[in-house]
Structures are given as C-alpha cells and as structure tokens.
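The two complexes that follow have chain A in common; it is paired with chain B in the first and with chain C in the second.
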Partner chain A sequence: MDELRNYARELLEKEEVAAVIGYQQVTEKRTKPIVITDPAETSRLVFNEYCLNNLAVYLTKARIRSLMRTKDKTMKLAIVAKPCDVHSIVALIQENQIHRNDVHIISFNCHGVVKDFGCDFNGDNLAAKCIKCETHKPLYFDKIFGEEKQTPKAGDASLEKINELEKLNSKERFEFFKSEFDKCIKCYACRAVCPLCYCQRCITDKAIPRWIESSSHQRGNFSWNIVRAFHLSGRCTGCGECDRACPMDIPLSLINRRMAMEVKDLFSFVSGRSLETPTLVGNFDKKDSDEIFM
Partner chain B sequence: MKIGVFICHCGENISRTVDCPRVAHFAEGLPGVEYSIDYKYMCSDPGQKLIKDAIREHKLDAIVVGSCSPNMHERTFRNAAVSAGINPFLVEIANLREHCSWVHDDVEAATEKAIELVRMAIEKVKRDKPLTKIRVPVTKRVLVIGGGIAGIQAALDIANAGYEVVLVEREPSIGGHMSQLSETFPTLDCSQCILTPRMVEVYQHPKIKLLTYSEVVKVEGFIGNFKATIKKKARHINEDLCSGCGLCITKCPTKKKSYNSFEENLAFRPAVYVPFPQAVPNIPVIDETVCMYYKNGKCGMCVKVCDRGAIDFEQKDTMLVADIGAIIVATGYKLYNIEKATPESKYKGYGEYGYGKYRDVIDGLQFERIASASGPTAGEIKRPSDGKEPKKIVFIQCVGSRDPSKGISYCSKICCMYTAKQAMLYKHKVHDGEAYVFYMDIRAGGKMYDEFVRRAIEEDHVKYIRGRVSKIHEENGKYIVKGEDTIAGMPVEIDADMVVLATAMIPQDNAPKLAQTIGIPYDKHGFYNEAHPKLRPVESTTAGVFLAGACQSPKDIPESVAMASATASKAIILFASDTLEREPVVAKVNEDLCAGCFYCKKVCPFGAIEVRDIKDVNGIIYKEVAYINQGVCQGCGTCTATCLSKSIELAGFNNEEIFAEIAAL
Partner chain C sequence: MSKQKWEPKIVAFVCNWCTYAGADLAGTSRLKYPANTKIIRVMCSGGIDPVFILKAFERGADGVLVSGCHPNDCHYNAGNFHARRRWDLFHKLLDFVGIEKDRLQFSWISASEGKKFADVITKVTKDIIALGPFKTYQDMNAEFTTVFPEFAEAGNKEIAYEEEMTNG
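Up next is the complex of A and B:
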C-alpha cells in the first residue's frame, strides 16, 4: 500500500501528472473513488478487494479533464486501474477519448474483487466478471504493483442464465426481458457508470426528433435498453458496472455479455484487449462473414 | 407555409395504375397544402409553366411533385421552382412511377400508396430548409496518368485550351501500346507515323510538364483541390545534361542481358536503353538490375563515352507534390498471356495452345512488332524460333475473351479487327502464304470496319473458319492446330508454321492499386467504373476524376482518342469558372455535441472527415471533434447513421425531416 502511495506522491510532486484517480477506504469493507491533486493526500490511496468502481469512467469527465490543462501545457492523468479497467482504458484510447500518452496507468496483479461492498472476499462473494476473468495481469500499464495470487473458484451463474435463456423460444425470451425492463425507472445510472457512454449528449436526450421516449413505460424502457445494448455491442469490455449500478437489479450485463459472445463468434473480436487491433465498429474486413448482412 | 402539390400522369406511365386526380384531390385537403393539381406531362414546358404560375399566383413557399424518380426530373422541377422564386431545396419529389405505378397493377392499392408517398413528401417539405450551393476554389491544373494515345490526346487538348497539365508516364517514354503497333485498322496507316508528331508536341508544349519513368503514389484532396505525390524514379541519367546522342547505349557491354519489353521480348536491350528510337523524351534509362556498375562497381563505360557527363549513378528517386484540379486516368491495358494457370492468378491460362512453350506461338502484340518496320525483323515476317518466313499462319481469336471458364466473360472488342488487319498484313508481305483465322463471331461494328474484314476475306483471301481450336502441338517444326469448323460441322487440322493468339485485353496489373490510391471504384476484372454507363461514360464516381481509354474497358484507338477529348472537355468545363458549385447536400457535425470518437472518420468512404482541435483560451487543446470537408463530402449519409449520439446531420435529409416522413405513414 505504501508503495502505491509513495509512487503516487512522487508523480504529483514531480508534476508528471495533474491528478491521480484512485480509491480511498470508507469503512472496513467499502471504498470510494478519490481524485487527488495534492501530494499530501496520497496517503488516503488504497487498493484491495473492495475497489469495485471502474475509474476509467472519470477519464472522460469534463471536470477531471480540466485538471489536465494548465496555462501552457497538457498534463497526464494517473489512474489506478484493475486489469479489467485497463480494457476500458484501451477502448477509450481506441475511440480517441484519451491519448495513450495522456494517461498514466497504475495497475495491479488482480485476483478478483467482491460482488458488493460489505461482503467477505471468498468464492461465494466473487464479482461475476471475476469468475470468468482471463486477465489477472494488466495488458497495458505504466506501473504495476502486487503479487500474483490465486482467484477463488466459483460457478459462472451468469453464463448459466444465458444458456437457460438461450433454450427459451423468442417469445418466452421477450417475456423475460419485458418483465426485466418493466422495472427500469430511467435513472440512467447504467449510463453514468459506463466508461464507454461518454457522449456529451446521449441519443436519449435528443428531443428533435425524439429517438427514445423518456417516460418509464414499456415502450420507452425497451427502446432505451435495446439502444444501449446495440450501442455497446462490439465496444463493451464487460466491466459489469451497469449491473452493479442498477438500483432495480436489471441484469444488464447479461445482455452485454450475450452480445459480446455474438461478436466474438462472428468476428473473433473482444473489445479493449489490444491497442493494435482496429475497433470492430467502423472497420471493414473482407474476411467478415456475409451472413450478418440481410 | 403554403405548399403546392403537382401530380404528373407521365403520359400513361403513372395514370395507368394510379388515379392521379384522386391523389391530387386528396392532397388538397391536407394541412399546409394551398394548391393541388394533376397534369399529363408535368416535365413538359406547359407543365413547368403550370408549376411556375401556381407558385406566383398562390404565393407558394414549397412544392411537392408526384412524378418519376428524382434521378430523372428533380433538377427540372427545382429549376422551375427557382425561376418562380423558391429555393430549389424546398422541392420534394414523390416517386409515383418507379416506386409505385411501374411496380403495381392494382389501381386501388397503387392509388392508396401514391397518396401515402405524397403525404410523406409533404411532411418532409414542411421541415425542409432552404440551402445554398457550396462554392470551392479550383486549381486549374490537370494530372493525366498514363502517356499512351489517350493520355497524350487529353494532355494536348487541355494544354491547347490554355491550362497546365502534368502528364505522368510509368515507362521511360510516352507512346504506350500504340507506339508498338505496325499499321492500324481500317486505314492501314502507320501507327508510329501518326503518333510520333503528337508525342513530340507533348514534349515541346509549354503548358505540359512531362514526367516519364514516374508513378503517382498518393492522391489527397477533392475535386478542384487535389494534391498528388509523384515518384520520379531514378533514371541515373541527368535529364538536363543528356543530349540523347545514344553513345552510351551503343557502347554498353551488356548488349544481350535483358529482354526488350517494348519489342515484346522478341529482342534484347543493354542495361542503358531507350525503349525505341522515336522515344520521347529521347533520354536513356539505366536498368540497375542488369548494369555491371551496380553489380560489381566496375565498368562505367557509359561514363567514359558521355562527353556531357550526364551519367549519374548516385541519382535517387525523387518525390514531387503537385496541386491538381482534375485527374484524368488513362492507364490503358495489357494482354492476357498466361500460358498456365497459377494458383494466385484469377485467370486460367491456355496451356493447350502452348504459349510460352512454343516460340512460334505468339500473341497479337508480338505479331505487331514482327510486322513493324522498326521491329526486330525490320518488318519482314519471320518466325521467332528460326527466322524462317512462315508459309502457313493461323490466327486464333477470342483467346481468353468471352470465356468465363478461363476467367474473362467480356469481349475484348479490338481482336476481330486487328486479326483481320494482321492477316491482311501477312498476305501483303508473304504473297504465297496462307492465312487462317479461327473465330467465334466477327464483331466489326464501326465506320469502315466490316468492309475492312470483308476485304481481308474477299480480296486478300484470308480463310476464316468459324470454330474453336482445342489443341496445338509441335510436329517436325510444324504446329498442328486442331480445331473444329462448326459451319461445315467437321474437325479441322492445319499444319501451321506460326500461330498468333488474339489474347484478351485485361487491365494493367497495378490497376486496382492505383484505383485505391486515387479513390475510384473498379469492377471485378480491374477495369475502372464509369459514373453512368450511358450518360456519364468518361467520369468516375469520384468527382473530378475522369477516365479515358482502355483502363475503363477494352477500346480501340479512335474510341480512346474520343474518350480522351471528352475527358479533356470535362476538365475544361470544370475550369470555366474560378470556383466550383457543389450540391449543398453534405453532412455537418455539431461540434458542441461531438464526442470525438471518430467512428464517422473510419466509415467515410470519401475521406471527407478530418480532426479539428478545439482549444481553450490559453490555446491548449481540450477537445478533438470531427469536421466534414464540404468539398469532399458526397452526402451519402454513412456518418450520420454511424454517429452514436446523432451529432451529425445531413443537410436536406436531416433526422427531423426523415422522422416526419416516417411518422406520416
């Protein structure tokens, strides 16, 4: 922990970065994000199994970006990122939201986080994304801490649910999602936590013409959730923050994960895994399957 | 807003299946519609007058015309509207012909659909915004790629009109394939004699900058404002110093080191060479792959004999950048001459004809060189193998052409004519010789063309056999040609001394690469696509890029020349004013809302989208947004569909307008 704090303090003291985005402890089993610009404050930084938030979402926020701009130059942002959060950063770099040179990635060898604050860290309480995680060591980083440790074993409940839905016919599946989307209160928490929902003005906020009805009845709920799923297809890196943020417990990452599986099957593409591979959307490859075209 | 609705019967084309008066009557009752009428021919003069009068009389703000496809008459009705004082973009066309009457036969249902189409157009026109044409400056200089007859003609026409031309030729000399030909059909005039004066004219023209042994490597920009990067390959001869005396060529010790490609590999050339005696410019090139100096650093004979000191072994490739207003692509063709199918080739060769195996089985261009006075045999018809005069010669047409099983489905168009010409030339030179032609059909459309073929048959007694040849094999110095006479219905066997294959015309090997460099589409064969097969045959779909000659499809000389002059006039039309008018149907980015993901830039097929930096008061970039170059944008709308936050709108087709149309259904 001291290593992380010292390192962050040095970055700030040497003015290599404008700010450090990291985690601070709130209670024994809960952390929250913190943006540090004062070197003295780096003593509050922590990293543990309770660092649930995907801090990559802050990289595109205007108030944080304004920290980067000094009178005469652009400074870097340092970010504490789990290996899975690095996927989001990669996707952001590929979508031109931040340049690789403008972000200083401090990462950790990761053995998983808890599914919710307050839980004990063990196989039963492992976050869904950690169960299927294949990236315990970050793919890109500027500094890495922590030792490699074994991730607790756990069953993949979300995959089981996908398989279960897969067995239903389309009408039954529609009924399932109808009942799930019925719960939506259009709070847009899923949008707020998603690192890839960085549009200045979301399509839902566009009034002329109105693409998505804003009221929380079935039609508007469906439009929103389907548009969200489509806009994230081939882009979602699977951080699962939408699931965690949803106050109505709609299994949003189920849809995202199913779409990601489709993308992987059709195009052998997984979002946020490589800075060299071009993004799926917007790049034409002659080898792409013709079957996707109607 | 006062809207006028005009329903056209299109003679009976629309009114046969659509009850036009009912559509007009229905439209009259719709909100916003001030005036509605149907008429037999809305595009006719009285029809247009009806529109103009109605606009003035009823003080209309916008009009909807229910007629044929906007491709046909949108411009007509827009012009009519403009002359009555309405912005042309406040005119909407409801396509009642192609989208309705032509594709339905039930009058009731078709009328209902026509009403819906008109209703949609009315809802759109209500939201249409007046647009003004975009003006972009024009650089009045043309880049002509390819120095064959097409490129030469285009360059001369443009230069004679007073505009600058940059003519880029890949080979050391201009002239192209025409310079290789002996005599030309149907007049039998000497190809070189009519071509070389044009070549010299190009060289001497003050408005033409000739870049031979050069290639276009990059093209950026858009109509009127291209920027072309041209690689000038190292000649290893200083062009300013060389007098073209040719002493280096005669003294070069590598006389028989490499095949002379101008002579279609029937002769050799030294390492330092000009392709042919009349070459323009008459400046040699040193071939690094053969020259002894580049092999072992020795020799330098040319340096010793050149009293001008023009030899420069250290010369490097140089890059030139030119501002260009229009591009004429005239890269020509090559002949299909693959003896055997190779795995990487899309063509299946004619191994059964022994091309490449038997030295006396040659292609049409090789025969041209043999028949040419400046060729390797000085115009005497001799076999490549032993130099004997062939007494029996077989010409085979459609080798590759019209043969989908070998990879080419099209007709190469010139072979019927040049085969007749070659057979005739042979008969003129070898009086006791026999000439046979195997043909599928004789396609001799053109002025004096059929008469020419008849002359070969009737006056020069060339024997035409309708049928295909199945195999050629060698037997005691003769080539046994086995074929079929389909008219007599019996097999034929001819023991020929020489065989000439009229092989198909195919695009140059690097045609697709050049197309990608310039940004023009090409077909599955590699020929460049014209914008419209009938009405825009010399324009590519990329504005400001024109096509001349055989790079577009097989062409003979008069067609290539005609096309070249057509492209020249297209370029000159472009240069007639100092600025260009462009349709304002282009996309525009809302910079406040753009998130700068640049998916639009990735999908734009025209490269119209650029990155624009938004800076804060201190000049520090705080945001990058997409910016659409209105000169390049073709209004396809791909970016607007791709933009996740819908921050791009296509003028004339914005989301609000389209939504209104759909909502009206």
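Up next is the complex of A and C:
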C-alpha cells in the first residue's frame, strides 16, 4: 500500500501526471473512487479486494479530462486499474478515446475482488468476472505492484445460466428476458457505469424521432436493453459493472457475455486484449461469413 | 378487427442501388410475388440501424427483411461489408433474447436479380406465415397502448393514413 502511495505522490510531485484516479477506503469492507490532484492526499489511496469499481469510466469524462490541460502543458492521467480494468482502457485506446501516452496505468497482480461491498473475501463471495478471469496479470501497464496470489475457486454460475437458456426454445427465452427487462426502471445506471458507453449523446436521449421509448414500460425496456447489448457486442470487455450497478438486479452481463462468446466463435476476437488488433465492429474483413444472407 | 384471414406484415429495408433496382426489375418483368412486404428504401444496407428493426416490430411487423448489394458490389465500396458484421451479431443477439431467427432475414440481391427478389420475398413470406403472428412482441405493444393511450392514438392515425394510401 505504501509503495502505491509513494509512487502516486512522486508522479504528482514531479508533475508527470495531472491526477491519480484511484480508490479510497470508506469503511472496512467498502471503497469508493477518488481523483487526487494534491500530492498530500495520496495517503488516502488503497488497493484491496474491495476495489470493485472499474475506474476506466472516468477516463472519458470531460471534467476529468479537463484536468489534463494546464496553461502551458498537457499532462497524463494516472489510473489505478485491476487487470480487467486494463482491458477496458485498451478498448478505449483502440477506439481513440484516449491516447496510450496520455494514460499512466498503475496495475496490480490481482487475485480477485468480492462480488459486493461488505462481503468477506472467499470463494463464495467472488465477483462473477473474477470466476471467469484469465488474466490475473495486467496485459499493459506502466507500473505494477503486488505479488501473485491464488484466486479462490468458485463455480461459474453465469455460464451455467447461459447454457440453461440455450436449451430453451425462443418463446421461453423471450419470456425470460421479458420478465427480466420488465424490472428495468430506465435509470441508465448501466450506461453511466460502463467505460465503453462514452457517447456524448446516447440514442435513448434522442427525442425526434423517439427511437427508444423513455417510459419504463416493457416495450421500451426491451428496445433499450437490446440496443445497449448490441452497442456493446464485440466491444464489451466483461468487467461486469452493469450487473453491479443495476438497482433492479437485471442480469445484464449475461447477454454481454453470451455476445462475447459469440464474437469469439465467429471472429476469434476478444475485446480489449491487444492494442495491435483492430476493433471488431469498426472494421471488416472481406472473408467474413455470408451464412445468414440469402 | 374483422375476422379476416391473417396476413403477415413484413417490412423490407432495401438498399437504393441494388435491391431496390432488383425489386424494380421484378416489377417490370411482371413477376408475381406475395404482396405482404412493404419496402422501405434506404441508401445503403450499412445505413440501416438495428433500431429500425426494433421499431418495425414495435409497430406490428411480423417479420423484417434486410437486403443490400452483393459483397464487393457496394455503391459506397464498403457499406455492406460493415453491415455484414453488424447484422451477424445482431441476428445472434435477437436469437438469444428469444426472437425467432426467421423473423429477421437477410439477403444480397443485385439490380439484375429481379427473379431472385421475387423468390426471396416468396420465401420470407412463407417463413413468416409458418411462424404465425409475432404474438410475443405484439402482446407487449397491446399492453403499451393500454397504458399510454395517447401513443396509441398517434399510432392509429399513422396506420389509418397508411391504409388510406394503400387502399386509395
């Protein structure tokens, strides 16, 4: 912990970075994001199993970005990122939302986080994203801390649910999703928390024509959730923040994960894993499958 | 609603340069095909947003056809290549949330393929008839119109206008 704090202080003191986006402890089993610009405040930084938030979402926020520019120079942003958050940062870099040279990634050897604040860290309380995690070491970083530790073992419940849904017929699946989307209250927390939902103006905010009804009736809910999932298919890095943020506990990442599996099958592409491969939906290959076309 | 025989409502989003011209050829060649399809012409298959399709379902379509130029034939060089990837994903997504695969179909039809256009429309119509009315989605629509009657009224006006235009 002291390593992290000292490192962050040095970065700020040398004016290498404009701000450090990190976590601070709130209670024993809860953290919250903090943006530090004053070197003295770096003592508040922590990193532990309760650092749930994906801080990459702040990299595209205008207020945070405005910190980078001072009168005479442009500085970097430093971000404390778990290996899975690094995937989101990679995706943002690929989509030209931030330049690699503008972000200073401070990462950790991660052995998982809890599924919710207040839980004890063990196999039963492991976050869904950590169960399926393959990268316990960050793929890209400027500084890495922490030693490698074993992740607790746990059953993959979301994969089981996907397989279970696959076995149902269309009508039953429709009923399942209808009942799930029916819970949606259109708070757009899923959109606010998603690092890749960075559009300045979302399609749901467009009033003329009103493509997606703003009332929380199931018809508009259906459109919204399909459009959300579609806009993230081939882009979602599987950080699972939408699931965590949803106040109605809609299993949003279920669809995202299913689409990620589909993308992997169809295009052997996994989002946010490499800075060299081009993005999926912004590009094309002349050899793409023609299977669905008559 | 009268107790007429149910006829499917199909919306076809077609590209201006190939499929629309193909449909034109089917017409001038006097080919026969079912009249259930309403054509909406767009400039390119790459310009069809998936929300168009959701909107079509919301407004009571039983099936949707998306059609554009063959790969390598795009008027804008790469529009249909971009579209192909997106449609592949969107089709898979709709399948997963429980919309039957045949409700949304895709094809490549060039300007010279009037015969293919007639065949595709016939096939799509046949598929949709086999699936029956899109009841799952339309139940949702019906409920929506009872909760928000003012929307229903606006929708009814549009439908009345549309029927007036088609029936003369």
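Observations on the model:
As a convention for this text, the second predicted complex is superposed on the first by the 290 of 294 C-alpha atoms of A that agree within 3 Å, B and C clash if a C-alpha of one lies under 4 Å from a C-alpha of the other, contacts with A are read in each partner's own complex, and residues count from 1 in each chain.
Quick note on the criterion: contacts are C-beta pairs under 8 Å (C-beta built on N, C-alpha and C of every residue); 3 or more make two chains touch, one makes a residue touch a chain.
Everything numeric in this text was worked out from a predicted model, so none of it was measured.
Among chain B and chain C, the chain that touches a larger number of residues in chain A is C.
Of the two partner chains placed around the shared chain by superposition, neither chain B nor chain C is touched by A:Asn6. In the superposition on chain A, contact of A:Thr279 is made with chain B only, not with chain C. Touch criterion met: A:Ile203 reaches chain B and chain C at once.
Contacts of A:Ser268 after superposition: neither chain B nor chain C is touched.
Legend: residue contacts after superposition of the two complexes on their common chain; A:Ile226 is shown touching chain C, with no touch to chain B. Of the two partner chains, neither chain B nor chain C is touched by A:Asn122.
In the superposition on chain A, A:Arg65 makes contact with chain B only, not with chain C. Of the two partner chains placed by superposition, only chain C is touched by A:Phe174; chain B is not. By the document's definition of touching, of the two partners only chain B reaches A:Lys73; chain C does not. Where the contact sets of chain A with chain B and with chain C meet, they give residues 203, 211, 281.
Across the complex, chain A meets chain C through its residues 165, 170-178, 203, 211-213, 215, 217-220, 222-223, 226-227, 229-230, 233-234, 255, 258-259, 262-263, 266-267, 280-281, 284-286, 288-294. Across the complex, chain A is touched by residues 49-51, 54-55, 58, 71-72, 78, 81-82, 84-101, 105-108, 120, 123, 136, 140-141, 143-144, 147-148, 151 of chain C. Partner chain A is touched in their complex by these residues of chain B: 592-599, 602-603, 616, 618, 620-622, 624, 642, 644-647, 655-656, 659-660.
Here chain A touches chain B in the complex through residues 65-66, 69-74, 95-97, 198-203, 206, 208-209, 211, 231, 279, 281-283, going by the rule given at the top.
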